[in-house]
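Going by the order they are written in, the chains are A, B, C and D; count residues from 1 in each one.
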């Protein structure tokens, strides 16, 4: 019986957890509660993925009102995997968070911090699982507002300006999405995504639908930090608390990619998005520009968090490139990279969290000799970096390999060149860190080993280990990504 | 007829763009938030306009009334108004903190201070 | 403003009326416009008026921080909790029909409870936001 | 037709208010204009039969938002610095966006058209059957609290989030002096 209610519980459990958490008196109590709730959400996501793989799709009608009159949750392979990523990353990062948050956040703010975390989790899960366009907007705002709060709690004052800038850009994006949904509602009379998908094919010639498409693309592009709408992201990631950066980098942009996939393929349909509209050309150009320009800018950063933030903009470019191919192989690559990139960036930002905990800084110049002082942390960083570059036996290699194959399938040589060039640029910026940490002479005797505590190292290595695991055993990730691609193209059984 | 039926929407678009312009052109953090509010309030008018039925009345069921305006946009906009004020409160709280930390609420002066670090 | 006796007396007379009006809006949403959100705002307006006339310190003493936090959390928990109860009664989340013997009664009860939840959280959040901004003014 | 005429006049007044808000640099005046804008918008909502929305817009736009903005300029200063030059890029962005929207209106159902798709597909059930299914005369309440009650739970969560956020940023107690200067990460 409870199995049928899992889709609602997936979101309601963290939602109800947030007010409970607010009533906690101590930061540690709030942490324990948040971790427990996140773990339950992970369990639910795992069970739901099982249901989806078994049944194909799962629907849930809130209040017992059938869609399109009521609000519906609808699960398939595409969002089931995103749910798993979001809850999984949240849980692992929370394991890490106790020590890091106690160090970076003032005690009286810790309870509010964890409450915001649960709200952010609620919002991200709600966006991912919903089958109703307006409900998506509401949960988008829950996740956005809570992430502004989480970012603003960074200890540098620039965290405040970064959060403000993100708030302005994010609200413009959300308002564009609201306009797009309104225009769609205007010509179809429905808000349910499946219902919209059924009604839009007759309206492909409508100029109102085309405008709605443009507004949704730009609005989601802002949330996604799609080049050139990415300007809010580097500062937001650089000055947020360490665990927030790890959480948001690994989940928020992934959920935005999911939104784009869902609207482009499921709601508007590949035929419209990639036939009637000039989207493929646009996405290829923007994706390639993102990979090349953001990777280049990353090389010149002195703050490593900021460097990895620019790298995130580049990685979003790879996903967009895969999407622009609009083929089964391309979409598989995009979804696969979505999954793998969450693992890489989660691991890398957690390693940086260890460094920030020990040094109080993540500036490149302060890292000299750190390879000997924090050997496990730096080894994790190197392993994550290799995955980011895309070396064989890492997860990063798998997704880039699929992307190259997909591009070759359609003879898109320039895309292959962009992928290779982007990887070479990644070698350069990762190497700068490795060189400083292992080969730069501090001019003093080797410092003693001062590692981060196990409670931080273990979660970091868990994610880094996952990079290696999914670089070797690809059945699960490639299988689900392939299934997701078939669902998006409407060719799933 | 064609123009008359769309005239309303065009003015609403003008309103939306006025608000949007304030957001992206102003350098003052408070005024940007005011702009966001203008932008969103105009989008609300767009939604409510599409729900109007000529000759209809407010969607409260009572004897003798058969033609109602569409209540669904009203519900959506009630939610959107609340979301908007939540964003405003948070944004203004950020402005207060920024002003305390930088001594100014002008974007260019904040940039100057951070670049001189 | 605090030294003006007229203002103080008028406020003391007006406050009960404001709260009465808030209650009317809270429970009258079935028939006319109004509901939990609007009622919460009006309720908060009453408290804020009190704070403006008698000083924010007086308002802080009247509504301690712990009470505000409790209010913010309780309203949301009430709303979300109604959904959990309907789950327990064998319906879908927020299927109010399961709350009473007939579906219509259940719907009425459910809507009454969730609107109450909205009113409580909205009022508490508004008062908290007011106090937070007021507390930043240079003394 | 009378309704349309009233509506056009109101929209015209809104446009004047918005344009004045762009031009003024005294933030107190800008915020006051925003209050007027909200009030006019609320009147438009009444004219368009959205009484609940009008009530809320009046309480929120004229009430809460305006008061919060006034409080903020009380703390952050009321004068906007005049820009050194007229920004061209924002103007371009706005013109392109507006043009896209006007293009979108060309296939829109006309204002007030009772046969528009919005009035056909989902909504008739709310109007015809909510009296039996729920039994509350105000259809807006029926949809808000029951048919789409889950959206309203989300809306309440947004308010909750804002409350938590403001508490995290400003705190409830009287302010303690900020540590001045560009604090890097704490030691």
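Definition applied: a residue touches a chain if its C-beta (ideal position, glycine included) is under 8 Å from a C-beta of that chain, and two chains touch if they have at least 3 such contacts.
Computed from a predicted model, the values in this text were never measured in an experiment.
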Higher-contact pair (C-beta pairs counted), B-C versus B-D: B-D
Distance between the centres, which are taken as Cα means, of chain C and chain B, whole angstrom: 25
Chain centre separation (chain B, chain D; CA means) in Å: 4
Distance between chain centroids, defined by C-alpha means - chain A, chain D (Å): 29
Chain A and chain C: spacing of chain centres that average the CA atoms, whole Å: 36
Contacts with two or more other chains, residues of chain B listed in rising order: 16, 20, 24, 29, 50, 60, 73, 76, 78-79, 82-83, 86-87, 89-90, 92-97, 100-101, 114
Set of chain C residues in contact with two or more other chains: 31-33, 37, 69, 72-73, 76, 80, 83, 93-94, 96, 129, 132-133, 136
Chain D, residues touching no fewer than two other chains: 51-52, 56, 60, 64, 68, 71-72, 75, 101, 105-106, 108-109, 116, 118-119, 122-123, 126, 137-138, 140, 144, 146, 148-155, 157-162, 164-167, 169-171, 175, 182
Chain contact topology (line, ring, star, complete or other): complete
Complex contact set, residues of chain D against chain B: 3-4, 7-8, 11-12, 14-15, 18-19, 21-22, 27, 30-31, 34, 37-38, 41, 44-45, 48-53, 56-57, 60-61, 64-65, 68-69, 71-73, 75-77, 80-81, 83, 87, 90-91, 93-95, 97-98, 101-102, 105-106, 108-114, 116, 118-119, 122-123, 126-127, 130-131, 137-140, 143-144, 148, 151-152, 154-155, 158-159, 161-162, 165-166, 169-170, 175, 178, 182
Complex contacts: residues of chain C adjacent to chain B: 31-33, 37, 129, 132-133, 136
Contact footprint of chain A on chain B as seen in their complex: 16, 20, 23-24, 29, 32, 36, 39-40, 43, 46-47, 50, 73, 76, 79-80, 83, 86-87, 90-91, 94-95, 97-98, 101-102, 110, 114
Touch list for chain C against partner chain A, complex: 69-70, 72-74, 76-77, 80-81, 83-84, 87, 90-97
Chain D residues touching chain A - in the complex, by the definition given at the top: 100-101, 103-109, 116-123, 125-126, 146-151, 153-155, 157-158, 160-162, 164-165, 167-169, 171, 182-187
